[in-house]
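Next up: some structures, all given as structure tokens.
In the two assemblies presented below, chain A is common to both, partnered first by chain B and then by chain C.
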Partner chain A sequence: MEHLPQDPRPWPVRRDTALQDTVLQTTLTHVTHRLNNARIAAYRHYPSGEAARIRAKARKREAIQDWGVLLDQAEEQITAHGGHVKRAATPEAVGAYVLEIARQHSVKRVIKSKSMVTEEVQLNAQLEAAGLDVRETDLGEYIIQLAHEKPSHILAPAAHKNRQQIQRLFVDTVADAGEEVSEDIQELTRFARNKLRQDFLSADMGITGGNFLVAETGTVVVITNEGNADMVTTMPRVLVSIIGIEKIVQDWDALEDIIQQPALSGVGQRLSSYTTIISGPRARESWEGPDEWHVVLLDNGRQNIHGGPYQDVLSCIRCGACLNVCPVFRQVGGHGYGSVYSGPIGTVLSPLLGGMDAFGELPSHLCTMCYACQEACPMDIPLPHEIISLRETAVSERRESATVRTQYRLWGQAWSTAAGYRRSVTAARLAQRLAIRRVGLAAGWLHTRTMPFVSSVTFLEDWAKKHRRGTS
Partner chain B sequence: MTDNSSAFSTQWQSLGGQAYPVATPNDWLPSLRAVLSTMIEPTTPAVVGFDNGQWPPGLPWNAICEEFGGVFYDMNSLYGESHLQAVRDLVTQAGVGITGAAWAAADTGTVALYATARTSLSASLLPPSHLILLKQSQIYETVTQGLKAVHASGSLPHLVKLISGPSMTADIEGQLVIGVHGPGHVACLIGDW
Partner chain C sequence: MAKAALFVTCLVDLFEPQTGHAAVEVLDRHGWQVEVPGNQTCCGQFAYNAGHLQEARAMAQHFVEVFESSDADALIGLSGSCTAMVIHEYPDLFRRAGQSRGESSEDSETWALRAQAVGERLVEFGEWLHHEESLPLPAVKPETVAVHHGCHMRRILGSTEETDDVLRSYGAQLAEYPDAEQCCGFGGTYSMTEPVVSTKLADAKRTALSQAKAAGASCLVSGDWGCLLHLSGRMQHEGDSWPVLHVAEWINQREKMSAKKGE
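Moving on, here comes the complex of A and B:
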């Protein structure tokens, strides 16, 4: 199994599919603008949230730097509280461990709250292949699970679908024979609530991701707005929390500063509707919570990023703010990236986790260098800088086509001298007449753009002419 | 109302919750009647509460609920035997869950619940309506102060839940819908006793 699942369709196909999908275009524009405006307003009216963000960023960077010690501490604490810890290096290791626990407890039905890391390791496919019934319970994830699709947005996985499509999907997949399903959004939500409630009550195992892992006490924090993670952590007798090792924070001081940031930056709330804080399995005297709690700490390529030039990307809190401001994401949506991690963060993270062979085209083709993502990122991750750096890697590894490489080399040579530049202006004037826009490097570029008109006498030519006249 | 109480009420209401001040101990009865009259539905008459000994004393819960067609179950009465499944069955069918709170925070409009032997998380989660009985002295100015209290308590509760308004989603076309998996109707009665 690959480290990171990849859409086999090439980028031009993914791009054109997205651009021709009018539902996606309408829905995505609406969702990203709404979330972005909410983020801006939330920080503006909440100065202490901004102060906490600055402290959180510094502490998070330190936590990543020191994660070896902190992960050991978290493991000790979880074990001391009666939990079990598994360090998993690969997607297969996660699947094997979860299946082993499921076998020990005769688990048949699994309920999950939304978790990008389980998308990364394709956990549902692994569990379903072994005969388990797995149900996503976040409304957006539920919708795309029924449609056999991947999330198109970190926070709003079904942002590419409209109510009519979802109504048809429910009728085709989960509605009982003759059961009416309305197109009204409120009714669609109520329908999903009723269906999922049965799954919650009958599940033997719950699986969550984790937004933060506090080393000091071995505490896992899970954030949702729907309350589904509360169901998952409260109802089933076995709970598995699967967490990327970069989710580590040092202590409760650090948690206090960072806990509000995903909601502030992601959806413009001061705190999500539900924050679940798990520090152990059910205490003997308590009557709610899982009898057994397992924490899987996933590496899957993260150790390779640590200590290198892209270490800052490990500070990401998966708020989705960079997606909402990105002009490329707003056009092509998450599926355009061909990776479960989309948007600017996915452009950097996907090739780092999944390799340049699979995802090397993302930094080259899916960024306009507008720097909006860097301004929006609450953790100040220098995403544009990292994208440039990945482009340099792509060039040094000669990943562009020979035609493109040759044209850029000739262009570079031409503009490296003043005389070469002047000759290029003359050449451009000629090319304009010959309608060269239909061939070579310019061909694709000029499909949707107008070539600037090259003046018959440029400023420099005019200046040189007048200068000669003045001195003669 | 203290500053923290009124700031909490404002924030909680902005999130879609309801907040009712209870001015004096004598006002608990009329306040409860007012809020429960909006919560109890004939199709789901069960009202489940888990009086952890820290609720306002001496209130006629059974009588108030019966007045609006409801049936009150004190989950403590189920405690002691094979109560886990019984409690779960009851809470699953209930229309209203009533809980206290460990603390609340004004700046984020947050109520914190701990899973202990005498408190309930599922009563705050499964029924479509959740009523929270909150003491003014339990309300901190910030959620940071509340989190410090969780940690400072010495023995960390194994499960802590922070509720900041009703359950909601915007997963279909970005349109906000209240009440997905958790309750859509959340109300706080805030006073002293």
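Moving on, here comes the complex of A and C:
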């Protein structure tokens, strides 16, 4: 199994499909603008929010730097509270471990709260292949699960669908024969809630992701806007929390600042609507909670990022703010990236986790280098510079066509001297006169835009002529 | 008399020389002596952003050599993006490129510091004008214009308000339009290597700008010819002849108009 699932369609197909999807174009514009405006308003109405963000960023960077010690501490604490910890290196290792627990407990039905890391390791596919019945309980994830699709936004997985499509989907998949399904958003939500209620009651295993793992007490914190994680963590007999190792946070003091950030930057709230705190399996005196709690700590390439030039991406809290401001994301949406991690963060993370062969085109083709992502990122991840670095890697690995590579080399050589620059002006005029403009890089411009002509007298030529005997 | 060395930029030099001439006239009117280092070429940003580090480094070295030999009081750049490249990217570019070409770290550091020294003297045209005492302008009719700030002017230099202030002080009424902060899709050679998305973004910008046009904006003004060539190239391709101007040209027009009125 690959480290990160990849859409087999090539980029031009993914791109054109997205650009021609009129529903997607409408919903995407709406979702990205709504979330981005909410983010801006939230910080504006929270004068001390910027100071909290700066503290959160510093603590998060420190936690990543020291994660070896902190992860050991977390493991000790979880074990002391009666939980079980599994360190998993690969997607297969996660699947195998969860299946083994499921087998031990004769689990048939699994309910999940929203988790990007289980998308990363394709957990649903792994569990379903072994005959388990898996149900996503976050509304957006529920929708894309029914549609057999991947999330199109880190935070809003079904951002590419409108309510008419969701109504039809419900009718086609989960509605009983003859059951009415309204197109009204509240009614659709109520419908999903009723259906999900049955799944909650009949599940034997709950699976959560984790937004934070507090080392101090070995606590997993899950934030949701729907409260579904509360049900997932309390109703089934067995609970498994699957967490990327970069979710580590030192202590509750650090968490206080950090926990605000995904809410502020993701949905524009001071705090997410629900905060689910998992500290261990059900204690003897307690009347709710699972009999067993397993925590899977996933590496899957993260250790390789640690200590290298891209370490800062490990500070990402998956708020999705960079997606909402990215001009390219606003055009092609999450499915354009061919990875479960989309937008600017996905452009960096996908090739780092999934390799340049699979995702090497993302840095080159899905970024205009506008820096909006860096401006929006609450963790100040230098995404544009990381994208430039990945482009450098693509260049050094000779992933461009030979024509393009040669063109950059010759262009760079020529313009590193005044004489070469002047020669290139002469050459450009000649090419212009002979109308040979449809080669290499320039060809890309011409299909959709009028090409400017090299001036008959450039500014520098004119200046030189007029100031031949002058001072400059 | 203060002396300015003009960093023309390759796009202005090759495609829009009238912008360079306009900038010279404005500088002259404000009492600055203008020098144009004749050996200047390009800052190398197109190669840098595309991941061609060594090509970018070679152009950056040439730039540093050309401009550090100028004794001008200020280096004035006719592009927000290219100015940002020199000021904010050059030092790190020399360090990283030096490392990957096997240069000694002292040599790389020397280049980084030379670049930093040049960068400290460089100022973008709109920002320069903002620091200048404004000329006593006889009242000329206000003009509604649309302004597009390049992303690097906005997010790396952070100097969009300065340019807006300058334009207003010359009688511009800035027409508002949605998503003004969104990239136009130019992105250097991105416009050529990913023309489909690039063009889609140009069209999104044109759609947004149509509101400014409807509000009476006579033209589109920007401090970056990269964005303007991309947008005007798309407009022309679609048969739209709405004028686009560099900030220096628009300011020069205004100063000329008021000079005439003042006579």
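Methods note: the second predicted complex is superposed on the first by the 447 of 472 C-alpha atoms of A that agree within 3 Å, B and C clash if a C-alpha of one lies under 4 Å from a C-alpha of the other, contacts with A are read in each partner's own complex, and residues count from 1 in each chain.
As a working rule, contacts are C-beta pairs under 8 Å (C-beta built on N, C-alpha and C of every residue); 3 or more make two chains touch, one makes a residue touch a chain.
The structure displayed is predicted, hence computed values, not measured ones.
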Superposed partners chain B and chain C on chain A - clash or fit: fit
First (chain B), second (chain C), both or neither touched by A:Val332: second
Partner chain(s) touched by A:Arg391 [first = chain B, second = chain C, both, neither]: second
Superposition-derived angle with apex at the Cα centre of chain A and sides reaching chain B and chain C, degrees in steps of 10: 120
First, second, both or neither for A:Arg282, with chain B first and chain C second: first
First (chain B), second (chain C), both or neither touched by A:Gln432: neither
Partner chain in contact with A:Ser202 - chain B first, chain C second, else both or neither: neither
Partner chain in contact with A:Thr90 - chain B first, chain C second, else both or neither: neither
After fitting on chain A: smallest Cα gap, chain B-chain C, Å: 18
Common interface residues of chain A - those touching chain B in one complex and chain C in the other: none
Parts of chain A lying in touch with chain B, wherever the complex brings them together: 27, 30-31, 34-35, 46, 48, 52, 81, 137-140, 143, 156-159, 161-163, 166, 185-186, 188-189, 192-193, 196-197, 200-201, 217, 219, 225-228, 230-231, 233-235, 252, 255-256, 259-260, 267, 269-283, 285-289
Residue ranges of chain A in contact with chain C within the complex: 12, 15-16, 19, 327-328, 330-332, 363-372, 374-375, 388-395, 404, 408-409, 411-413, 415-418, 420-421, 425, 428, 441-445, 447-455, 457-460, 462-464, 467, 471-472
Residue ranges of chain B touching chain A (in the complex, touch as defined): 11, 15, 83-84, 87-88, 92, 107-110, 115-117, 120-122, 125, 142-144, 147-148, 150-151, 156-175, 177, 179-182
Touching residues on chain C, where the partner in the complex is chain A: 8, 10, 12-17, 19-21, 35-42, 44, 46-56, 58-59, 61-62, 66, 151-152, 155-156, 181-183, 185-202, 204, 229-230, 232-234, 236-237
